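Labels A, B, C, D and E are assigned to the chains in the order they are written; within every chain, residues are numbered from 1.
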Amino acid sequence: MEYYLQLVINGLVVGGIYSLVALGFVVIYKATKVVNFAQGELVMAGAYICFALTVQFSIPFLWAFLLTLVFSVLLGLAIERVVLRPLIGEEHISVIMVTVGMSSVLKSLVQLFWGTQIRVYPPVLPTEPVVIAGLPVAPVYLAAFALSAVLFAVFSAFFKYSRTGIAMRATAFDQQAAQSMGIGIKNIFAMSWCIACVVSAVGGVILGNINGINSHLGHLGLKVFPAVILGGLDSLLGAALGGLIIGVLENLCDGVARQFFGLGGFREVAAFIILVVILMIKPYGLFGTKEIERV
Amino acid sequence: MQGKCGLFFTSYRGEAQIFQSGFQKLMVGLFMLALLAAPLALNIHETSVMNLVFIAVIGAVALNLLTGVCGQISLGHGAFIGVGAYAAGQCTLNGVPFPLAILTAGLITAMVGMVFGVPSLRLKGIYLAIATLAAQLVLEFVFLHGGALTGGSSGLLLDPPVILGFVFDTEARMYYLLLFFAAAALLMVANIMRSRYGRAFVSIRDYYLSAEIVGVNLFWFKLVAFGVSSFLAGVSGGLWAHYTGYISAEQFNIGLSISYLAMIIIGGMGSVLGSVFGAVFVVLMPEALNAVANSLSAVFPGIAQSLVALREGVFGLVLILFLIFEPEGLVNRWRLVKAYWKLYPFAH
Amino acid sequence: MTVVPTGYASYHNCRIMAYLDVRDVTLTFKGIAALMGVSFTVEQGTIASLIGPNGAGKTSMLNCISGRYTPDGGVSGPCTISLDGENLLSLPAHKRTELGLSRTFQNIALFKGLSVLDNLMVGRHSRMEYGLLASIVYWGRAARQEDRHRRRVEDVIDFLNLSPYRHQHAGRLPYGVQKRVELGRALAAEPKLILLDEPMAGMNLEETEDMARYILDIAEEWGATVLLVEHDMGVVMDISDKVIVLDFGSKLAEGTPDEVQADKNVIAAYLGTEQATFSGR
Amino acid sequence: MAGGTVNEILKVENLEVVYNDVVLVLKGLSLACPRGEITALLGANGAGKSTTLKAISGLLESEHGEVTDGSVIYQDEPIQHLIPEKIVRKGIFQVMEGRRIFEDLTVEENLRCGAFTRPRSEIPGGLEKVYAYFPRLKERRRQLAGYMSGGEQQMCAIGRAIMARPQLLLLDEPSLGLAPLLVEEIFDIIKRINAEEGVSVLLVEQNARAALSVATRGYIMENGRVVMDGNASELLNNPDVQEFYLGMGHAGDRRSYRDVKHYRRRKRWLG
Amino acid sequence: MRVSTIITAACTTLLAGLMLMGCGGEGDKPAQTETTGPQATADTSPDTTPIKVGGLIDLSGPTSSVGVPYADGLRGAVKYINDNGGINGRPIAFDLQDTAYNVQQGLSLYKKMVNTDKVVCIQGFGSAVTEALVRTLAKDMIPNFSGSCSAHLTDPRTAPYNFFTSADYSTQLRAALKYFRSQWTEERAPKVAFIYPDHPYGVAPISAGKAYAAELGYEIVGETNVALNAIDATTELLPLKNKAPDFCWVGGTTPSTSVILKSAKNIGMNSVFFTNIWGTDETLPALAGADADGSFSNQAAAVYGKDVPGMKIIEQITGGKPQMTHYVRGFVSILTMAEAMKRAAANGPVTGETIKDAAETLRDYDPMGLAPFISYFPDDHRPNMAVLLYTIKDGQLTFVAEEILDRRADWLGH
């Protein structure tokens, strides 16, 4: 029993990371209806920038971190302006594929500048583990967990109450109608990409502290899909909880498969199988907005 | 299919033909002749590239039928191709004749595809896309843990195809075999597209609610789309398996699925010709890049290294540029070029 | 008239079953009632109109008949919707087409990627029989059937004057023509009952007159029964044989145009006082 | 009507609009909206009425349309090349055809969107005013707009316009798909907004009778040009308008749709 | 609008241009080889035409972090050979291409190299491409010196043209097991567990390891899979921890080793971890910090800075910049191939077949001290049975021992 409790706690801990990345994903989707397959690469880009600033240019971490955020804003602006703005109003699959293309470009740019070697972050957070219910947990994970909780609260309030937040949701639903309200949709898009890039960069810095970075950090983006889809693409709560749920469930499934069937490597698949089962019951995820269909 | 100016039909059947004018038929005939003669002029490497193109054409037209025509995005086609590869491999390893093995592979893949198409009953758009991504990962897992069936982590070694004692063990021989299959696949999809099945698929893509009202059984036709598409993907996989002679789980990863999606987007969604263009483009692009890298490195030594890092990026960049500047795909450019020459020299 | 199944008799006082017979349809969304025990009948070959304020449940009613929604049940007994004696409720939407039901939509729901011709050919989908293998080979059976059905579709094209647009993509046509193509698609299925959801919406006078003429011809020449949802009272009152008024999911009135126009409840809930200005054009 | 720029809040002069670089939709359109009054713009489908409104509000761009010639003068200032956001800030607000409600948002959030360009302090007052005009919206203010009936959605769309406090309101087919009683109510409200808020209105309608009953001035468009204009009462009495837009027979009474002859329908396609 | 049309046109032209160049480039090359070919045989003066060698290495993709230094090592060694007289006066023309961890790309490049460019030998790398080529190599008679060291490639009956220069994965695992058994002093049987990625390369040596562990008297207490891209391995390790293994075999790559070591430390596992040649390199101490201390690893080649003749040359070539052990392994692979070529050249023409035959005459060839001695036999392609064991002490890879196993016949290919 203790084994399963530990699996759950470990799942929550890893799920915190998923939630963090998923939040950035949902911000973009909520404001622009873009399904971003390059989310993992945005995380990677942020991580590398911070790495370059701290290690290669020896800037103190705090300053480097702030500069990373500034850079992320610029990256968000650039991506929106160059890649996504021309595709406003195009089909689902076109937008998906453009983000797929973007992920390749980002990956190879990182390879060009920093090569394929693993790069090691200077330790920013303490490494001494904290024991929770008998399971030692590294502070890095706690930081990720806390951060995703804070971001969730901030974004929820932002989308519910702030004028810009509401305008973002309006824009996502109907761009032209939003324009007719005097909402500058280009600014809205740019802003949402900036927010997503900043969130991703923060996630990247935290991830870098876990096990260094290399040009394949972007793989994490794939793990985020079960989380966001499970929660519902446009739901912040869904992203936050979805990440945790997927973290726990994949751990439990993996544990069960390992113990009773002797199957290894089930973890990667487990998340997706759970996802499909849940989608068959709730086609818009646990908290997603159901599309209103009128005929 | 809009009849061009000056082309009059005396029967409905004439209007439903794939190639409508005599000139078109002539050009297609000449092109086929050129294709048949090509191995005489090409060296082995170029022939092998053509062979990869043919395999890709089958896979691309399969995916285009499902995604471009029927509107069901699939991120699992790489794995479906894998199912075909393993199925065909197991067949020939167990002594089934090659043509039968390919057919069996197609049917088995069709079945697997239909199983993974079941979520399309309730899921739409991106949600379905992610469900097919699940299919991709689940199948990859099965490939790796399939034991003797898939050779597990060490994969399967296969012999070249044999038909009635004739061994297809050179590039040129494979060329004709693959050309035949590619042409057959294209004809098959072109026929489906001008029949009630094709129209039903498009109706599901364009407005599924009214498709249902005109009597299209949504679930069944989505399943059929998954089935036919997977069938062809399976055939493509079976051919790939026997062409390369070795299959392992990692050949059929998510990257393969994505490159097939790239093919149909670059070529043109929902178009048979577009699938061909896309397959040609995506297969030739790395070859072209290598050639550029090689010729550049003669002038600027050391640049090849950077170009290697950039190759994946160039692929992504090309994809982005296409989506921005030619969202309708190469086939649209082709139509414009054709329209231009039709009016030449009076175009302005 | 068809034989009345005995099962219905006990519930519905032996009423003789009409061509389209809707009995006691109730539909709720998340506990909110959209339709509450609505019953009405439409006789064969006539034009009936369903009118009522926005949100009264007119489109929901059409959706129940066409199979998009499944009614929850009746207020006083099991609800039934039958066409020419056949129970529709036991069939999924796509099967109802085979029985001779077709419809158009409030907002244009054409297949934008297909030509006008192909849109109409899709309309004949349920009348075609050849299978997948035949379509792959496209030789013999499939080609013959395509030919035959094409002839029927050309009749519809003639009737609706769509020939100039035959090969154009449906999505690029003017609004009024799209509305006509949609009508054509519904007609191509050789319907016995055709449901029209606001066919005049957004049309100017001339187009409205054309559409009215088509609807009259559909009933007279093609012998189809028409159930029309429309806000243009001029059209409704002129061409209908019967008018059914819904309000808040219940039937407010049913009768000839003249009867309905004179009904005080209908005037208060729907028609308003300045009828001539706001509904008659 | 006394002419002169002072009394005209909006003047459109020789406007030409091209879609997708090829399709010429407006071919030198001119019209003027008197300040503080309702102007009706009538015409067949495809005549370019909606395009005219979008050219004024700047929304053409998102549909690949472009103003290639002519000018839109709003309060003596050309605005044809401004982005929609700027135009809204200048006081022109368009209620688009088909209501275009943000269905995922609640009614109140929809209304807040209307006030996007206004200072925050105006929002509570604006909401009060909208709820006064449309008490039904107040009951449903926490509900998702997508689940409301068409009439309520149209109210919400006009409510958004009230929130924006425009000086010129562009209304595109406000009666589309509405029941007669609701059409009456909506036109009442339009009249009230015009009178109480002093908002000038440019109204595009299929329902010519209703539009001319509230407007003071009307324009009739065909094929991208204005073919007739005049005071509403003049237009109502014009025999051509009566025949083609009001559906009246020669005797002045309403023609029945049953009597429309087959040949009339055919004529257009043969001729 | 017009601008976008122009840009589209420009892009299309550019791409079309690229395509044409691509085709043109491929077209030109065979012509060159065909004209130089006959000359080479006809001439009696010393032959100085280059010997063409192809390189199929993962320079991008998931394995590129080790592929890139390996490729650098190959290039360095080729430069060294060519600067020092080449193969009896003939330089090596080395065409190194990126396989990007992709079988199709690898096969396509291989076909171009062999059929068009007429290379006589391949320097390979990843498992997938190497496995896919086994039969083709035999048919084309092209030797492949690869970085993939699966045991079944050492059996000439199934893989006659495959060579590699370090002990195969199974031998490495066996050697490590033998070493730890010899160090074991307690009464009870030592407990061992296996941790590996669910991946061809990870799974390859496991059955051999289990069999030998049983033979040596280990108690096998468990096994588990940790993915190569895992960010946490707690779940996977928790069940193992309860079984308290004394030794844990870690197959994987350096990042996954680091994750395993850190997670193990976190949950308080006190086993001795040991990895194969890809599982530990110079970055591990930096990645895993103090958690890496005390772990063991197999290495197939000397670590940078070791005092052997070969290392001096490497230092010279790289300008004293420290290189990873993967670099040294690439270097050794070329040295070995060059030795075989020299032997082949001494007897006649250098072709794939003669290189293979010459390689099979190598007996205790010393790659300048960079790796254990190498021998190939016509019926046994195991280069050697020796493994260098290193441990991490204070963040440094520190040499511990060289363990040499018997060349047992029943281990050939397994």
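Basically, a contact is a pair of C-beta atoms (placed from the backbone, for glycine too) under 8 Å apart; a residue touches a chain by one contact, two chains touch by 3 or more.
These numbers were taken from a predicted model, which means no experiment stands behind them.
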{"item": "Any chain in contact with chain B as well as chain E", "value": "A"}
{"item": "Which of B-C and A-E has more C-beta contact pairs", "value": "B-C"}
{"item": "Identity of the chain that, by mean CA position, is farthest from chain C", "value": "E"}
{"item": "Most distant chain from chain B by Cα centroid", "value": "D"}
{"item": "Geometric centre distance via CA averages, chain C-chain A, whole Å", "value": "48"}
{"item": "CA centroid of chain A to CA centroid of chain E, Å", "value": "35"}
{"item": "Whole-Å gap separating chain B and chain C, where each centre is the average of the chain's CA atoms", "value": "41"}
{"item": "Centre-of-Cα separation between chain D and chain C, whole angstrom", "value": "31"}
{"item": "Two or more partner chains touched - positions in chain B", "value": "144-145, 209-210, 309, 311-312, 318"}
{"item": "Junction residues of chain D - those touching two or more other chains", "value": "none"}
{"item": "Touching two or more other chains - residues of chain A", "value": "108, 111, 115-116, 265, 268, 295"}
{"item": "Chain A - residues contacting chain B, complex", "value": "35, 83, 86-87, 90, 92-94, 96-98, 100-105, 107-109, 111-112, 115-116, 222, 225-226, 229, 233, 263, 265-266, 268-269, 272-273, 275-276, 279-280, 283-285, 293, 295"}
{"item": "Of chain D, residues touching chain C in the complex", "value": "43-46, 98, 148-152, 173, 175-184, 187, 206-210, 213, 244-247, 254, 256-258, 260, 262, 264-266, 268-269"}
{"item": "Residues on chain B engaged by chain A in the complex (per definition of touch)", "value": "67, 73, 119, 122-127, 129-131, 133-134, 137-138, 141, 144-145, 209-210, 254, 258, 261-262, 265, 269, 306, 309-320, 323-324, 327"}
{"item": "Interfacial residue positions of chain A with respect to chain E in the complex", "value": "3, 6-7, 10-11, 13-14, 17, 108, 111, 115-118, 120, 123, 127, 129, 135-138, 207, 210-212, 214-216, 219-220, 251, 254-255, 258-259, 264-265, 267-268"}
{"item": "Contacting residues of chain C [partner chain B, same complex]", "value": "66-68, 92-95, 97-98, 102-103, 105, 109-115, 118, 121-123, 125-126, 128, 130, 132, 134-138, 142-143, 146-147, 150-151, 167-168, 185-186, 189"}
